[in-house]
Structures are given as C-alpha cells and as structure tokens.
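Listed below are the structures to be examined.
Shared between the two complexes below is subunit A, which pairs with subunit B and subunit C, respectively.
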Partner chain A sequence: MTPSKYFLGASIAIAMLVPVFLPAQTKSWTQPKTPWGDPDIQGVWPGTAMVGTPLERDKSLGTRAFLTEDEFAKRAERAKTQAAIDNEETVSDLTRCDPGRGGLGNTPTTCKNGISIGPPLYWDDRGKPSKQASLVMDPPDGRIPPLTPEAQKMAAERIAARRARPCAATAGGCHDTWEDESLWDRCITRGTVGSIVPNTYNQGNQILQTPGYVVLRNEMIHESRIIPVAAPNNAGRPHVPPAIRTWLGDSRGHWEGNTLVVETTNFLDKTVIGQTPASEDLKLVEKFARVSADTMNYSVTIEDPKTWTKPWTISFPLKSEPDYVLYEYACHEGNYYMYNALSGARAEEKKAARNGR
Partner chain B sequence: MICQRGFAALGLFWALTAAGQTPAPKAPRTPNLNGIWEALGTANWDLQDHAAQAGPFWQTGAIGAEPAGLGVVVGGEIPYLPAAAAKKKENFANRAKNDPEAKCYLPGIPRATYLPYPFQIVQSPKDILMVYEFASANRLINMGKPIEAGADSWMGTSNGHWEGNTLVVDVTGLNGLSWFDRAGDFASDSLHVVERFTRVDADHITYEATIEDPKTFSKPWKISLPLYKRVEKNAQLLEFKCVPFSEELLYGQFKKQ
Partner chain C sequence: MRTKILIGVAFASLFGAAVPVWAHHSFAAEFDINKPVKLEGTVTSMEWINPHSWIHLDVKGPDGKTANWMVEGGSPNILLRRGFTKKSLEPGTVIVVDGFQAKNGEYRANGSNITFPDGKRLFLGGSNPNELPQATK
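Let's turn to the complex of A and B:
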C-alpha cells in the first residue's frame, strides 16, 4: 500500500547514516565466520527500533550526539503521549484539537499539548525511544551540510517552477502526472539510503552471504542489493562503466577486519536523499560492523560535491530479530494512491470548469 | 569442463597416492546452485507450442513479433477446465494492457524463472535467495523447518529441501494474479507449484515445475526447460526497475491533457 500523501510528507524527511559508535564490543563475543572464512554478518537486521529518531539533530543540542537522561525521559514521554493520542484517533476529547493551529496536512488537528495527530499505531512502527540525538552523526552537529551554491540554485529553480504552475494554487497541489509524485509514492524505490534508514514501517533488512558476495535485502520496496566482495589483497571487480546508471547504484564491497565496507556509485541523477536530489556524482560508502550477537552498527557516508558542501554520515545500530519475517512489499501492484491522486485531480478540474472557474 | 575435471581428479589422485593415503569416505555434499542463470527459448511468450505471429503492437513491426517455439509443457497441452480455457483466450485478446509483465508487476512463480532476464541464485549456508533482474523481484527459499504461507503474495511462500542433487521448492500462498506467459496462461489463488532445480553440469540447470490448481486445471501438469549460466566474466545482475516504463500504460488515462 502507498502511504497517504500527508503522512509521507511528514515522514519523508528521513534519512541515512553511519559510524561506529554505539554499543562497544561485548568482551565475551567473538565475530563468527562463514564456512569460507569471511566474517559472518548474516541474519535479519530490522531498523525498526530506530524509527522515531530524527534524521537531523535539534539545533539546541549542538554537538551532543546523545541525549542526557533528562532529555531522553522527555523524548520517551513525548513518544508515549503521541502513541496515546494516535491510538484514540480523532474521536476523543483527548484529541479534540484547536482548529486554529493547523496540523499535519494542514488539517486542524494540532492538539492542546502541541502534538499533532499521527496515523494510528497499527499503521506504522514507532521504534523505541533512543538516546541517539539524530541519525546524522557527522558533521558533529548532526545536521546535513549546506547545499553547494549550484545545488541551492537548482533547488530554488525547482521550487519556482512548481509554484508557477496553475495547479500549485489548488488545494490539492499538483497531480498532473505521475511525475508530480515522489519516487516512493510511485513505488519505484526509496533509494539505497532510504531503503535502510529507519522510517515508518516495513523496516526489515536481511543479509545473506555466499562465497564472493554479500546480499542485502530490504523489505521496502523489495530490494536486493547483490554486493560482490573482493577477496583479501584483491582489488575486486571494477564498477560497471559510467554509461550504466541505476536507482540503487553499483555496489562493491571489501572487508576491513570484520567490517564490511561497501562503495556504491553509478547512480542516476534522480536519487533523493532527505529531500534533495543528488547528482550523478553521488558516492556512498557504507560500513556494516557487527559488534555483538544482536547488534550491527551501520553507517553510510554520502559524498556528492555537486550537491553538498561536504560529505556527511548517517549512522545507527541495527538489531538482530531472527523471528522477523520480511513480507513482500508489493507497492506498485496495489498503488491505488496513484489512481486516486490523478483521477481525483482530474475530477476537481472538471468540477472547477463546471463552476466556471 | 570435462577436461578440467579430469585433470583435477588426476591431480587429486596423484596427491593422495603421493601421500600414501586412500580417500576418506565422502560426506554428502550440498550441490551448489550459485550463479547468474537465464532461460533461453520462448517460454515467456507461450508455454505451449506456438508458431511465429505478429505482436500486439503493429508499430513495433518485427521487433515486437512473437518468435516460434516448441512448448515446454510436458505432454504438450495445459489441461484447462472449460471456463478457464475461455478466460485464457480473453487474457490473450487483452494481453497488451492486462499482462502483468506489461504492468511491471511482480512476476510470480514459475514465470519469474523464465522471463527473458537473468536471475541470480544466492545460496547461503542456511537459506537460498533468488534475485530476479525484472522488477527487483526476489524470493527467499526457506531451507529450514517448513513455514506456512501467511497472506497470499505475488511471489508466494517458498519452502525448499534437497533430494539428492535436486533443489525441490514447494511454493504456496500465491495470489493467483500472475500470468504464466504473454499468451495469457494463468492460474487461481489455489495454485500450488513444486519446482525442481537440478544442476546437470557446470553451466546448466534443468528446471521443472509441477503446477496444480483444481480451480483452473483438470489435473496437475508440468513444465521442463533448461536454464543457462551467464558465463561472461563480468556477468552481474543489473537493474530493471520497470515501474517508470509502465506508468503511461497504467495511469495515462488520468494524466492532465
């Protein structure tokens, strides 16, 4: 199913990440090896627990990557309140809101305590409140670096072009064609970064290994990235030629000790990370470091000198959940959102024409 | 290949003889299906025998025409029940817009295996993953204790086990929305597929699928075809994310004119 538009807008501000910080290696734990001698990082590693940790850090926290006990207690309390409100949906006194204050999707749903009503609890995952202040861990302030002047100009032009369209003035916004919808709404992909960064629901990831390959399966949107992994002291396979550009890029891996390092290039110039389309020069460097039986630190460093003024890194722990089953996320096959958005917009136009507007 | 194996065996014999030892009894070895595989032939056009004919779009001329092909159905005919036979004809007549392949829908089983795109078998020490280039489809074959299908899905629920050198995969939980080919062959959500992958030499797998669906067929039937290894040194699965190629077909009627 495709998430509704307003929900997406709220949640898409999401992300990706990187480095190596969280739980220290457990002393009693030894990295297991595959029968052919590679570090064994296989298993089901959902990102569910980190859903709810913001991509970017609240500016007031500065360079503090982790919350204090007090701040953590507040985050947990807020999550609890939010869950309670969402559970009540829109029917109780608890959620009867001040219509003057706006809310998600510009509906009058902001409640007295300042928390907007979100989807009900059965609709998405909330994760566990984490002390990690943000998924962005580098730069040290946890904020995505500024866009380059060129990228800023392109972003401004995109916004201006959109605003200049007649549909921009309508209540529903622009739904002239499918190309007005996000890549996620179109069920094309959430991208290499967006497929693993915790967000919303169906956050399952699974790793399988076979000699010469590590395969990362993402539940959302049924992706399987087959990563050729170089043998020790071997340069490995070169990337495919530059003429071949793909949504998920071309990945090559190697082991640095027990850490799998994956470099991905050959992206189309349509990869959206956070809310910014990256250029063809995008390069990702991911690290998968299993630090205990049930924890793997994941990080992704995003480099694209045409788009961001410096590389930045998202990083968070993945938790092993052997009983988690990745379900088939057949998104495109049931994309009623697309029919509804486009046919609804055409119906609105007809109505407007009838009313002589 | 035979030559190489001969030399390898000779080398092993020499090594053992030199060491003055006899070979230890062999532990049963799990066959290795790892690799990138692809069906040739025309099963995706039509599982049954078919002559060449024009394709659904005159604009593409000979490019879109259907090549002739010998069928892969053992015994030749798919044993449709009468109502299903009529439905298949209707599917064929409307194939240009209703074939799930045209819509870039997940291909289902068995069609995923013989689409004209490669797929990669990833045989991990535990489970087996099949990754298909078409539409980023994939399916995990559970090699442990069999699991029951949850809700129906396009790619179904696969439980596998080895019978000698053959990987046998039992597929249930298929939603019945997939087709078997561009000829409109189809089944219902009662479909049950049992596949057999047998690596007959280094570069070939014999693929068989027994298809059972009492709502659609009068008896179970079987297809059998070879899969060929993609032996290019730089062979790798690329990306065929076809959603953008299907949007005009699916949503064009709702586009602002």
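Let's turn to the complex of A and C:
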C-alpha cells in the first residue's frame, strides 16, 4: 500500500469511527457547559472498571464486539474466582502456580518448581466484568493489526540481539543497564496510550478545563497533558515544530459538537505502545465524549504507517468517580526496583564466576 | 503440562483475564527463588512511596543479632484504596513475613504473605470493586 493510499484508508477509518459500540447519550441528560461555553467534561474519570477486559479479542469471537449473556456469565464467574484467589495472598501456596486454575493464579513464568515469585495477586486491580469483548474495537475483529514488514524485521532483530546476550539465559533475564528496563520500570512513563488504557492498577484520570485549555491528568507515573483547545470555529493551534519531540507528544484539541478531539504528534522515536516501539511518525487521535452524568466514552486511534499495517482503535467507557483521589506518584524517589534488579544481576554474575561458569 | 498451560491462556483471553501488554516489573530480577525467608520482627517504619511501599522491620537472626529488613509491599495508592491507613502498621507491631530474599544478599525481601502472630493477615484482598476495601487492623 502506498503512503497516500494508506492515509486515505486511515482517514476513512477515522471518519467512520463514531463510537456507536459504546453507551449512547441518554435522552434525559443534557451536556453541561463551562461558563465560557465549552462542553464541560471536567471531573475524575477512572478507567478501573475496565481493567479486566482484555486488550485484544479472542479470535473465536470474530467480529462480535460484545459477549453473549452466557459468555458474560462465565466472565463474571471468573472474576469471582479471581477475587478468591487474590485473597489467598501467599507466596508458597503451590496451588497458585497451578495452570489448571485457568491462568488466574501466577503464570508459569513466575513459577519455579511450583513456587511462585510473582507479585502478590492482590496488588492488582481487577475491574468489573464487562460485556465488551475487548478494548480494541477497530479493526472489527478486535485485534491489533499486523506489524509492517519493516517493523517485523526490527522486532526480530531486537529479539535476536537480546537472545545473543549470555544474561538472556539467566532466570532473571538481562539487567546490565537501566536501558534493559522498560520505560515504566524506569518511572519515566507508561506512555500516552498506556497511561489511560486500563491495566494493572492506578487508573485514575482527571480532567480540568480553563478557557482555551483542557488538562488531562493520569495517575499512573503522574502524567499531565496541558492541551491547547481551539475555540469554536477557530482554525486551531499548530503543533510545535517537528524537531521538538517528547515522551507524551504534542497534543492539540478541538471540539466536534460535544466531543473533545485531541490529536497528538511529535513523539520521541523511543515511544512504546504496550511493548511495541512506535516510530516518530506515530499519531494519536483521542475522543472524549461524555454521554451521561457519569459516563464518558473514550477512544484512541493509533496511526503509525511505519509500524502497523493500518490504524487501530482502543475504545472503552470511563466512569465518573468524584471520591476517587489521584494520589501523588513520586516514582523515581522510591524506585528500589532499579537498584535491586541491577545489583541482583551483578550478584548472580559473581556467583556464576565463583562456580566457574 | 504444556498443553494445559496453553489451554489456560486461551481460556483466559476468551473470558476476560487480561493478558498483560504492559508487563509488571520482573520479580525474578530482584528476588532469589532459592532464598526463601520467614521473618518475624518488629516494624520500625513504613515507607509510603511509589511505585511500591516498603515495610522496615527489625528481625533477630539465629545468631542473636538484630538486622533491619525491608519488605516490598503494594503501591501506596492501591493499599489506601484497600482501606489501609498509616495506623494499620504502626512502629512496634510484630509481623511475620513469608518471602524471598533479594538476589544481592541485602536484607530485603518481597512480602507476599504478611501476617500478625495470631495468624490474621495484614493485607486482605478486596481487588474486586464490588467488595468493600478493608484492612484487618
């Protein structure tokens, strides 16, 4: 596909991305306005409830975006079992390593000889069972599109390079430098997408508005995006020059009716979505559409023609929770993980040297 | 066994266990599976710090010497939401920790299983939002 065709396809895909699959606006509710006339979407909007919804859809569901009653009942039953397992709260309980529990306990990667060394399960949020089959809602099969051949080649090279290192064969993996740790482990960021997409814990989001700006705060690693928003009928404000690049990118917003549309570009070329590095051509289009007093549909369309063969969209409802507190997240200051992992790897090397290996 | 694992994963993705795309940090990098520890000691302080809380406790070793251990706990935010407060674990409290020692040999451990001497658990789950958050003390 040539770039122009790609972008034509992308534009059509985005134009068609009306969030029809999520809750529709209730008839009795009217979108409140700020004193200066913008739609008022302020508040605390955690994504916690959707933590348990898988990012990608199981292939057997095909293009079915929502579960049947029977499938939903099974998902709800699993959530109950998960809560019971979380409450067991033990490292040495062998049953937690038993894959027969449907993957709800610690996974085989965190189990050695039947003993779990994974993080305690009660640390994580589990969300509330949802009928939404997956967080990825476009393409229609709910699956992240394939990587481009170029991105596949780069991914294969990265894996080969890592496997070639002696540390790859050790139980703890490679921890030779801080660069072996993820951006999240380094307390830098979980990324613009990762900070809001429900995962693990600390899913708080807060929106504040002033004339001409929307501020989006994410609890995870303590992110804030101050987004210039064009006044109605304004031509908008241009992005910063291409040479200026940041972890969270450069966001610009405008209103389409009551929906806030935010376009973000100017990412560093080290940005990752999940664990996939994106290119510096990454462009995100987010939509915030409040549909009732306590529900806001959120979607993010991820476009990066150097990385994915077509754009894809994650979409889910955020729920207002006025009592939710976004606690401070000074992460670097208390990040003993970095010290423990790097010094742990050095201790392993010394032990291996003593054993003549 | 391998087949069972794969079935487990497929089942999980169908009915809703999230496959972690944003993976948690590696515990195997920090702690040594071959060094299980059971520590009974007196809490000296608790650090309410992100990304993880750390409990400090004095533990008397078999040689009679006291060492100050650090035990890793959940993120402060999640503990607060579980109903944990700064009064939940005051200095002087005696706790029992089951865990694994840090690979670097220092007095650090992960603290998955923490109980009081009477067997009551310190962190009682409640990760299901439909349940009320609670701490046992």
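One rule holds in what follows: the second predicted complex is superposed on the first by the 305 of 357 C-alpha atoms of A that agree within 3 Å, B and C clash if a C-alpha of one lies under 4 Å from a C-alpha of the other, contacts with A are read in each partner's own complex, and residues count from 1 in each chain.
Here is the rule we use: a contact is a pair of C-beta atoms (placed from the backbone, for glycine too) under 8 Å apart; a residue touches a chain by one contact, two chains touch by 3 or more.
If you're wondering where the values come from, they're calculated on a predicted model, not measured in any experiment.
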Which partner chains sit in contact with A:Lys153 here, subunit B, subunit C, both or neither? Use first/second/both/neither.
neither
May I ask you to decide whether A:Pro228 touches subunit B, subunit C, both, or neither, giving the answer as first, second, both or neither?
first
By the touch definition at the top of the document, which applies to A:Ile244: first (subunit B), second (subunit C), both, or neither?
first
Of the two partner chains, subunit B (first) and subunit C (second), which one does A:Thr200 touch, if any: first, second, both, or neither?
second
Have a look at where A:Pro211 lands relative to subunit B and subunit C in the superposition and call it first, second, both or neither.
first
Counting only touches as set out at the top, which of subunit B and subunit C does A:Pro35 meet: first, second, both, neither?
first
Is A:Gly173 touching anything from subunit B or subunit C once the two structures are fitted on A? First, second, both or neither.
second
Max touched-residue count on subunit A (subunit B vs subunit C) belongs to chain C
Kindly classify A:Arg162 by the partners it touches after superposition: subunit B alone (first), subunit C alone (second), both, or neither?
neither
Look at A:Ala345 in the shared chain and tell me whether it touches subunit B only, subunit C only, both, or neither; answer first, second, both or neither.
both
Subunit A positions within both the subunit B interface and the subunit C interface are 187, 325, 327-328, 330, 333, 343, 345-346
Seen from subunit B, its contact residues with subunit A in the complex are 34, 104-106, 120, 122-127, 129, 131, 135-138, 140, 150-151, 153-155, 177, 234, 236-239, 241, 243-244, 246-247, 250-251, 254-256
Under the stated contact criterion, what part of subunit A meets subunit C in this complex?
48-49, 51-56, 58, 60-61, 71, 74-75, 78-80, 82-83, 86-87, 89-92, 99-104, 108, 110, 112-113, 115-130, 171-173, 175, 181-182, 184-185, 187, 190, 194, 197, 199-202, 204, 219, 274-275, 325, 327-331, 333-337, 340-341, 343-348
Residues of subunit C defined as touching subunit A within the complex
1, 4-5, 8-33, 36, 47, 49-52, 54, 70, 72, 74-78, 80, 82, 98-100, 102-106, 108, 110-113, 121, 123-131
Would you pull the subunit A residues touching subunit B in the complex into a rising list?
34-35, 42, 167, 176-178, 186-189, 206, 208-211, 213, 215, 217, 221-224, 226, 228, 237, 240, 244, 246-248, 325-328, 330, 332-333, 338-339, 342-343, 345-346, 349
